[in-house]
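Two complexes come next, and they have one chain in common, chain A, joined by chain B in the first and chain C in the second.
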Partner chain A sequence: MLHIAILIPFLWAALIPLMRWFSRIHAGWAVLPVPVAIFAYLISQMSQIGSGENIVVEIPWMPDLGINLSFVLDGWSLLFGLLISGIGALVVWYSMFYMGKRTDSIRNFYVYLLLFMGAMLGVVFSDNLMVLYGFWELTSIASFLLIAFWYRRERSRYGALKSMLITVFGGLAMFAGFNLLYAMTGTYSIREIAAQASELVDQPLFLPAMILVLLGAFTKSAQFPFHIWLPDAMEAPTPVSAYLHSATMVKAGLYLVARMSPIFAGATEWFWIVSLTGLVTLTYGSFKAIRQTDLKALLAYSTISQLGLIMSLLGVGSAAAFYTDADQVAWFGLATTAAVFHLINHAVFKGSLFMVVGIVDHETGTRDLRRLGGLMKLMPITSAIALIGSFSMAGLPPFSGFLSKEMFFTAMVHILEFDVLNAGSWMLLLPILAWIASVFTFVYSMILVFKTFGGKLKENTLDKKPHEASAGLLASPILLVSLAIVFAFMPNLLAYNLIDPAVAAIRGGGVDFESVHVSIHFWHGWTPELWMTIGVVLLGTLLYRTYTRFKLLDREWSNRDTLNRLYNGLLSLLENGGRRLTDLYMTGSVRHYLIYILIFFIAALCGTLVFSPDIRLGMDNYAPITFYEVALVVVMLATAAAVPFARSRVNAILFTGAVGYMVTALFLIFRAPDLALTQMIVETVSVVLFLLCFKFLPKLKSTKERPVFKWTNLLVAGGVGVTVTLIALASMGSSPFEPISTYFLNESYKSAGGKNVVNVILVDFRGFDTLFEIMVLGVASLGIFGLIKLGVQTTP
Partner chain B sequence: MPKGSDIFLQNISKVVVFIILAFALYLFFTGHGSPGGGFIAGLMSAGALLLLALAFDIDTVRKVIPFDFKLITAIGLLIALCTGTGALFFGEPFLKHAFGYFQLPLLGKTELHTALIFDLGVYLAVVGVTMTILLTIGEDN
Partner chain C sequence: MEWIMAIAVGALFMIGVYLILSKGLLRIILGTSLLTHGVHLLLMTMAGLKRGAAPVLSDGVESYADPLPQALILTSIVISFGITALYFVLAYRAYQTRGTDEIDGYDVED
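So, the complex of A and B:
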């Protein structure tokens, strides 16, 4: 069943284009059954997972490579499956009222959305790392398509490209990390790797694998400094922002970190990297969110910050892996529970807030905070939803965000007692950063509600008169915020069925649910956490009243985003640098290319000669030198040396011809009559052809001038000469084999019936070569015929 | 070169061309036993035709040999290829040659060789190629 749940969205996506035959029905109605059915199926499996039984499906795909379609449904993936299908259903419903029915591309929209849904389900259910990676990249591609849905806008294309580049960069790093894990363990199965986790820590590849996998998780989850793609991804349609960029895809990184926890947790680096990255992202994102004027940008930075919060909790929760005592494990592992709980809460309130922003955009025509205000009276339901969502985000009672924020503080206070790493008072950094970030979170949550819905209505700045949205549009956010209230008052309903199995899955190693269970209450006494929350509210209110006066929070300042400029600079540096580098060596001059080729030739061959111990220059088998040979070689050298100094081209041709006839003479001396005959005639023909060529050279270029002298040419030419000479000497000295010519000499008459051994070799022993050599000649003659008779008339 | 400009060259050529062709024929047939062969014979024959073209003009060559030289190249290649393929019919590998000694009417005991047919292909191809190149360039304005 599990694999079918993943398959259905893909199959359905293939069928959606058929909806053009039913153009009167909104395509969304056809899509809606898919997430609903998957949600229902997952709900039905909840009790089985709650009792500690995992569902495992394994289908062989590439068994020889260890890659199989193996899917596992445990507490953690069940939670994600419910989020994906549940919020998916709500988003499909919402988008039916948000996106116009008449738009032609509405079917594309749902195809992409279904692709994304299937890919995301694949990511969370996969047990095989390679399959996980495949689905992971598919989510990147689907997200790319969805961000650029309005592809005629320049900003959409920019945002899509940016998110693609960053997430695929991380994805590839993760792919490398997965392969390092395979190299260490010999399996791609996450469960099998986790079983070997204790032997992994000491491996040299352990740390690189961890960092590479974390790179993938951080880029996908928009952690600092890879968060820059998320604000630009807000160019997507709002349902997409609500679904992908708040509730599901950006949580894939969190999913991965938690999924890898049984493998990596227990390493000090893991604790520090994950916790600190999360905290820095949390603080930075919340600080940046205050300075936004666009509602979706504010929500984007808010998402970044909340993802950082959950990430830091996952990091802090890994502290439990350093202990074996059950009480201490529960004490330090509280952070993991908080992470899971906040993950659910965030999906709920951020989804509803995005939908609210979409409604505001839909009804007023703008998302600019400076033009909005006073919508409370006109859109009471929308503002109530926004109020609940924001208060839950700020961590105020009586909403579920309050509970998870309290648990977050609890975990951060607990970690002060964590003494394994000897960090001492440095640990104090964690709760302080967390508290500061919470103050900022409070401030931007208040900005979101009261700047949009409070204050006076600026009717003249709005394009149309705002009014309350339709019931269909409101249904999804209402459902989500009521969940925020339900979870607040009945958190334990969630705890037993969903949070405990999820935490047990993250902890790994067959932890029983009772030991991880923490009951969640509203009231837990006058604890430091409560005082921290009171401090957040007090300081946050003060800051909200006065934040426009602080230079640091000034809006003008927010345009100067250093990281974005760094990204743009780096991209143009790569483009321009690449072009310049190419221009530098791809000059279009054949002379330059020849120099590269020859220098490479010299370097490679001389390097081999120098560094190979077996190659030596030998003079043992040399024949005695006769007078004729010396005389011929001297004449040849003289004529060859004269070629570069020839004043006119005709002279150069004649010198070259002379060298050719000398070679004929050499062939005669070395007793090769066939070669001598051929050489003589071929030399004659080629000299005639050369002369023909030069006779018909264009007048303009036939200026008779001395060849230009260049030192590079001399050096390269000299180098090639020396290299070839050395190679020839070395090949004479190093050949350990007997030549096969004795066979030809013996067998030529006996088995081939010929006395001219050269000819017998040409037509009999190696006739195949000759066949193709005459073929070469034929092709050359046809080429010349074609060039001259059919040649294109070139402009002079 | 305008027609009839050099009476000496033309008259000498008439004789010399046949001598060269005869020498080429000699080189071709003797190739298997002593220096020579299809390649050299082909070049030599082309040389004879070139002399003809120089002494008279290209039209004369075309009249003497009323074939398209590209066709001659093709026929040569075909012959070479067929020689190789023929071996396949006798269950031998491609290009396997056979030879034997026969009593011929005029020549007496002679060695006949399939390699000679292959060489004929080479010869025709080389003649065709060389003449195609020279005539194409020569006719170009």
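So, the complex of A and C:
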């Protein structure tokens, strides 16, 4: 069943275009059953997972490569499956009222959305790393398509490209990391790799694999400094922002980090990288969120910040892996529980907040905080939803965000007692950063709700007369915020069914659920966490009242966007640099290309000669030197050397011809009569041909002048000459075998009936060569004929 | 003898390459001619220049020159002749249509 749940969205996506035959029905109605059915299926499996029994499906795909479609449903993937299908259903419902039926190309929208849903389910259910990677990239592609849904807008295309580049960069790094894991363990199955985890830590590839996998997770989950794509992805339609860029896809990185925890946790690098990246992202995102004036940008930075929070909790939770004692594991592993709980809470309140922003946008025509205000009376239900969502986000009672924020503080305070790393007072950094970030979180949550709905109505700035949204549009966010309240008052409902199995899955290694169970209460007594929350509220209120007056948030200063400038600069640097580099060496001059080729030739061959020990220059067994040969060689070289100095064409041609005749003479001396004959005829015909064509050449002044002399040409030419000489000597010095010519000499008359051995070789032993050599001549003559007879266009 | 031939082949290569690197089309073609000569002599030399009769069987002769490289060179001579002839006619046509002798004067685009 599990694999069918992944398959259905893809199949459905293929069928959605058929909805154009039912143009009176909104295509969303056809889509809605898919997430609902998957959600129902997953709910029905909950009790089985809750009892500690995982569902495994394995279908062979490429078994020789170790790549199989193996899917596992355990606590952690069940949680994600429920989020994807549950929020997916709500988003589909919401989009039916949000997106117009005719104005938008609505069927494309649902095809992309279903594609994304299937890919995301594939990511969370895959046990095989390669299959996971495949689905992972598919989510990137679906996200790209959805961000650029209004593709006529320049900003949409920019945002889509940016998110594509960054997430695919991370995806490729992750792919490399997966392959390193395969190199170490010989399997792509996550469960099998986790089983070998204890042997991996000391391997040299362990750290590179960890960093590469984390790169993939950090880029997808918009961690610092890869978060820059997320605010630009807000150009997508709001249902997409709510679904992909708050509840599901950006959590794929968190999913991966948690999924890889049984493999990597226990390494101190993992603890530090994951925790600190998370905390930096948390603080930076919450600080940036305060400065935004666009509601969706504020929510984007808030998402970045909250993802950082969960990431840091996952990092801190990995401290449990350093202990074996059950109590201590539970004590330090609390952070993991908090991470899972906050993940659920965030999906709930962020989804509802995005939908609220969509409603505000829909009803007023703007998302600009400076133009909004006083909508409380006109849109009471929407503002109530926003209030609950924001308070939950800020971590205020009595909403579920309060509980997870408390657990977050608890975990960050607990970690001070973590003594394995000998980090000493550095550990204090964690709770302090966490607390500061929570203050900022409080402030932007208040800005979100009170700047939009509180204050006075600025009616003249709005495009439309605002009024309450329709019931259909409100249904999804109402359901979500009521969940935020339900989870707050009955957290253990969630704890037993979802959180405990998920935490056990993250912890790995057959941990039983009882040992990970932490009961979640509203009231802990007067703990440090509570004082921290009170501090957050007090300082946050103060900051919210005064933040406009702070120099800190002065527009000049806050609008500086270094990382985006870096990204744009890097992109144009790559483009311009690439173009300049290409312009530098692709000059269009044949001479330059020849020089590259020849220099490579010289370097490669001389390098081999020098560095290869087996090659030696042979000097023995040479034929004796005779006068005639030497004299011929000298004359030949002298005439050849005269060619470059020839001032006129005729001389150059004649000198070359003379070289040819010297070669003929050398052939004669070296006992090759056939060669001498052929060479002489060929040389004669060539010279005649040259002279014949020369007669028809246009008169050109330059050719009559003394040829230009170039030192670089001489140097390269000299290098080639020396290389060839050395190779000739080396090949004669190191040929270990006897020639096979005795066979030809013995068999020429006996087998072939000819006494001229060269001719017998040409037409009998190796007749094929001759056949094709005749063909070469034929083709050349046809070419010459064509060149002269056809296409006679004269000089323009 | 072989080392003298090796040096001679190197010198032919050097002159040929030098000519190929120049601008005039004619000089480039002549350069390829010289390179061809160099290659043929290299083939000949590398097979060994030991004395023996020409490889035409006759009674009473014990040792012959190696016939195989000779067959290879013969093939090569014919092929390079075909190429050179085509090359030259190509250059001739280029002169006719473009009216210039220098290769770098060509615009790559057209």
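In this text, the second predicted complex is superposed on the first by the 775 of 796 C-alpha atoms of A that agree within 3 Å, B and C clash if a C-alpha of one lies under 4 Å from a C-alpha of the other, contacts with A are read in each partner's own complex, and residues count from 1 in each chain.
Note that contacts are C-beta pairs under 8 Å (C-beta built on N, C-alpha and C of every residue); 3 or more make two chains touch, one makes a residue touch a chain.
Just so you know, these numbers come straight off a predicted model, no measurement behind them.
Student: In the overlay, work out which of chain B or chain C sits against more residues of chain A.
Tutor: Touching more of chain A: C.
Student: Just chain B (first), just chain C (second), both, or neither: which does A:V630 touch?
Tutor: The second partner, chain C, only.
Student: According to the stated criteria, A:V650 is in contact with first (chain B), second (chain C), both, or neither; which is it?
Tutor: Neither partner.
Student: Mind working out whether A:K755 is in touch with chain B, chain C, both or neither, as first, second, both or neither?
Tutor: Both partners, chain B and chain C.
Student: Once the shared chain is lined up, is A:G767 touching chain B (first), chain C (second), both, or neither of them?
Tutor: first
Student: Report for A:K789: first if it touches chain B alone, second if chain C alone, otherwise both or neither.
Tutor: Touch partner of A:K789: chain B, not chain C.
Student: Looking at A:L777 after the superposition, I want to know if it touches chain B, chain C, both of them or none. Which is it: first, second, both, neither?
Tutor: Both partners, chain B and chain C.
Student: After the superposition on A, what does A:L689 contact: first (chain B), second (chain C), both or neither?
Tutor: both
Student: According to the stated criteria, A:A641 is in contact with first (chain B), second (chain C), both, or neither; which is it?
Tutor: It touches chain C, and chain B stays clear.
Student: Identify the overlap between the chain B-contacting and the chain C-contacting residues of chain A.
Tutor: 673-674, 678, 682, 685, 689, 755-756, 758, 762, 770, 777, 780-781, 784, 788
Student: For chain C, which residues are in contact with chain A within the complex?
Tutor: 1-24, 26-27, 30, 33-34, 37-38, 40-42, 44-58, 64-68, 70-71, 73-75, 77-79, 81-86, 88-93, 95-104, 108
Student: Write out the stretch or stretches of chain B touching chain A in their complex.
Tutor: Residues 27, 31-40, 43-44, 47, 70, 73-74, 76-77, 80-81, 84, 94-95, 97, 99, 111, 113, 115, 118-119, 121-122, 125-126, 128-130, 132-133, 136-137, 140 of chain B touch chain A in their complex.
Student: Hey, which residues of chain A end up touching chain C in the complex?
Tutor: Residue positions touching the partner: 588-591, 594-595, 598, 619, 622-626, 629-630, 633, 636-637, 640-641, 643-644, 649, 652-653, 656, 659-660, 663, 666-667, 670-675, 678-679, 682, 685-686, 689-690, 693, 696-698, 700, 702-703, 707-708, 710, 713-714, 716-718, 720-725, 728-729, 731-732, 739-741, 744-745, 748-749, 755-758, 761-762, 766, 769-770, 773, 776-777, 779-781, 783-784, 787-788, 793-795.
Student: What residues on chain A touch chain B, complex-wise?
Tutor: 673-674, 677-678, 681-682, 685, 689, 692, 752-756, 758-760, 762-764, 767-768, 770-771, 774-775, 777-778, 780-782, 784-785, 788-789
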